[in-house]
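Read from first to last, the chains carry the letters A, B and C; within each, the first residue is number 1.
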């Protein structure tokens, strides 16, 4: 027995001795952020997950970038630009910027990067391949031409996938370039321990003088929302992204912690398989929209952080501020159902992505709400990959999902959720509206302005009336941070900029 | 003995082939497609086809299997679609952390269970025995994810004794950071060990040779430490050996909550992202580990107890 | 039913049966005990601490937790039965046969168990659930396929040990039939460690299902299975600790009940003489 006691006291002593390590070593001027995603890759043309996108946006630059309000574009690597009236010619004047190895960013790099982004190997090719011609005027001026009008082309250059990469290095190293990427963004990758953290150093050559104010940043990968909040409270990180929504109030009350939120380009909705009865009947689909109390959802599932949705389009450029969501009217819902031949309701399966807490909670709430009008839903938790396959194959009745936009141009989303035939066929609902399809073709050829705006308004209205989805809400994205962190915010494109952050410790 | 061990090793070959075959086939029926996961939900059909071609997902199945077998034999176990590294490299990066948790938790479990199992066995049938047993049962019953958060909230947040997770550099810092997750896993393993060890102790204490030893005049302590305990430990080990696969699985939840980049979280991430090469490679790797552990356990059992023959 | 009588005679067994009976009764009588529906939402009443109106408080949807915990008992008892005792019966049989006959039969069976047992449990479950779809039934299939092996190995080990003991040699000399030796003499001794194992297996199985729920693969919401209740309530741990506390206590209760049952059984099943 004695030897066991000795061992245990030794263990205890060791633990106590190590407790001095509990306080983090001096992290002066390094910003520590807890985020829920581990990047998959740092190649801008090969990724579409948040972890990768957010990290890439810290290392690379694009010619133009969304401004903080999210409705317009501001200069990035391009100091100024002109777009011809017919939208076929885009000219850019580059600023005097350098990559993190000191070499200058030239028009050649721009051409190389955009061509690469539009190539067959790129997952985002279709966003950039309408740009068919490049003319290098000089080291700092480039003209891009399109042979057919494609209005989103310009906005798409603000996409992370249009990051400007150094041509020479990339040609030299090939894929290995991304193990130690060189970009012109505010930070340089110092270390990436997969599943654990990404360490960034400040880019000494960054084109915004005096920025970033911090010497470096560490993005810690913490997949559990509660764990992120706890890390912030323990002082192990300075910013916690996406803490559990219900904990936000408690966090804000703690001394030294502030919270923030923004409604990004995101819309949540329920897909309905219009090839199956009863979802082929417009009245049924509308009835379901009337049967859902969106205000209650925002309050109960989002804890008030968000707003009801009138549409599957996020609130972004050309969104119609006057379009009202379907009001909560269970009586009308019942009436419509009866009219369509389902006075006692019906049964259906509701597929949900098990990994998303918001979707899960919404599903449970929906189940109870629709029960009141006689619609009995059986919730089917599916793991993300499975849900996508299932809806794509049309093997579903209803499915909870959402969409986010990476660009400020609504063309990306409308093509995804409302157009059939297109890459997703009205996001797997197979709903088809010829007029909307025509408008889609037109809007891509129309330059930005009131005419294009009217087209989108009409498309969104038709989507609303045709109701292939049960529109839910636009949830807010929230974060919690220490008071001494100044200048941190999340943009509507869901990413965050760190070059403006200062630590007032 | 050597001959028997050699025979057993030889018998491993069909087992391993069986493992690779089953592992491979099992995954062919999984819905979901790695190319779509990698490219995101908005990729077009041509882009996906191109990606599949690049990764060899469009080859006939038997060809894919042979390629996989080749990968296993050459030691790479395949190349991850998402990480773009050989599976074995990923395993090498993450194995230390999972192994650390497994080892540390087993150690903690033994330290906790041994004294209580001994106490319970010696005071068998009396209130102490019953109380200990029920307390340990309660320990197993406590859900690990709940316990993890309770420990984090209490020991990390309130007392500041431990960090809330993550890993560090060097053995000392990692042992320190892995202590809490290991404690969680160790507590349920402790309960398992306590029960089994106590039962084994009781059985062994009744054995004839113990009476003989007592008749020879050896004192209780000596009998206990020199004869009863070692024998009981061995039969307990065989039961723990059975549970190794479970313990490794049990680290998955803990790795997620404490943000430990170990094999458990690698597996779950690979499953979610349909990174087939990683799932396959990791499965085979795990399987090989478990088979080896079982073999060693059986050998130890046979060595310790001459009554049991290996074949 | 001598076994039952012996069981009742031991304090552990009696207590266990009492606890299980109480659980069963509470579950069956819930409609009388509680006016609430386990699935009805009531956002206005969300996150209420325990009170006279809601004995265990309410959750983030306003559902009464007492009702849900009682309703959840059904899931977990069913899980215990199908995922533990079913595989146990099967595994014990296989282990007995394997250990007793030895030779090629044993080798083949052990190789088979080696192969299947080597697979990380989660991969197997995911594949099955992925093919068949996540549901309770498929969960049972997955557990059945994997869980029997532990028992088979333990019983085989014990059978090998016992098979060599003198009194078994005696029965051989006396030419007792093989099935008789297996069932009457070896089984009662070999099964005891399996029983010990199964009692902890019940709780571990409930844990495993909860862990699967953690990843969205277990019992599906809004089913009030205890593990799932806890998983769903983790984010509310500080705000509403009762949400995790009561399902957790329920699991501990069941765990202790089965553990006591195990104790009672190992006494009741002891071979006489």
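By definition in this document, contacts are C-beta pairs under 8 Å (C-beta built on N, C-alpha and C of every residue); 3 or more make two chains touch, one makes a residue touch a chain.
Model, not experiment: these values are computed from the prediction.
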{"item": "Pair of chains joined by more contacts [C-beta pairs], B-C or A-C", "value": "B-C"}
{"item": "Maximum centroid distance from chain C, chain identifier (CA atoms)", "value": "A"}
{"item": "Centre distance in Å when chain A and chain B are each reduced to the mean of their C-alpha atoms", "value": "37"}
{"item": "Distance from chain C to chain A - Cα centre to Cα centre, in angstrom", "value": "43"}
{"item": "Centroid distance [mean C-alpha coordinates] between chain C and chain B, Å", "value": "21"}
{"item": "Junction residues of chain B - those touching two or more other chains", "value": "31-32, 149, 153, 256, 271-272"}
{"item": "Residues of chain A whose C-beta touches two or more other chains", "value": "226, 355, 383, 386"}
{"item": "Set of chain C residues in contact with two or more other chains", "value": "126, 130, 215, 234, 237-238"}
{"item": "Residues of chain C that touch chain A when the two form their complex", "value": "39-41, 43, 46, 60-62, 126, 130, 133-134, 215-217, 220-222, 234-239"}
{"item": "Residue ranges of chain A touching chain C (in the complex, touch as defined)", "value": "225-226, 244, 246-247, 250, 296, 299-300, 353-355, 357, 360-361, 363-365, 367-369, 379-383, 386"}
{"item": "For the chain B and chain A complex, residues of the former touching the latter", "value": "31-33, 36-47, 50-51, 82-84, 90, 93-94, 111, 114-115, 118, 149, 152-153, 156-157, 160-167, 172-173, 176, 179, 256-259, 261, 265-266, 269, 271-274"}
{"item": "Complex interface listing, chain B residues touching chain C", "value": "11, 14-15, 18-19, 22-23, 26-27, 29-32, 130, 133-134, 137-138, 140-146, 149-150, 153, 188, 191-192, 195-196, 199, 238-239, 242-243, 245-246, 248-250, 252-253, 256, 267-268, 271-272, 279, 282-283, 286-288, 290-291, 294, 301, 305, 307-309, 311"}
{"item": "Of all residues in chain A, those that touch chain B in their complex", "value": "1, 4, 7-8, 11, 15-16, 18-19, 21-23, 38, 40-41, 46-49, 120-123, 125-126, 175, 193-197, 220-224, 226-227, 230-231, 233-234, 236, 355, 383-386, 388-390, 412, 416, 423-424"}
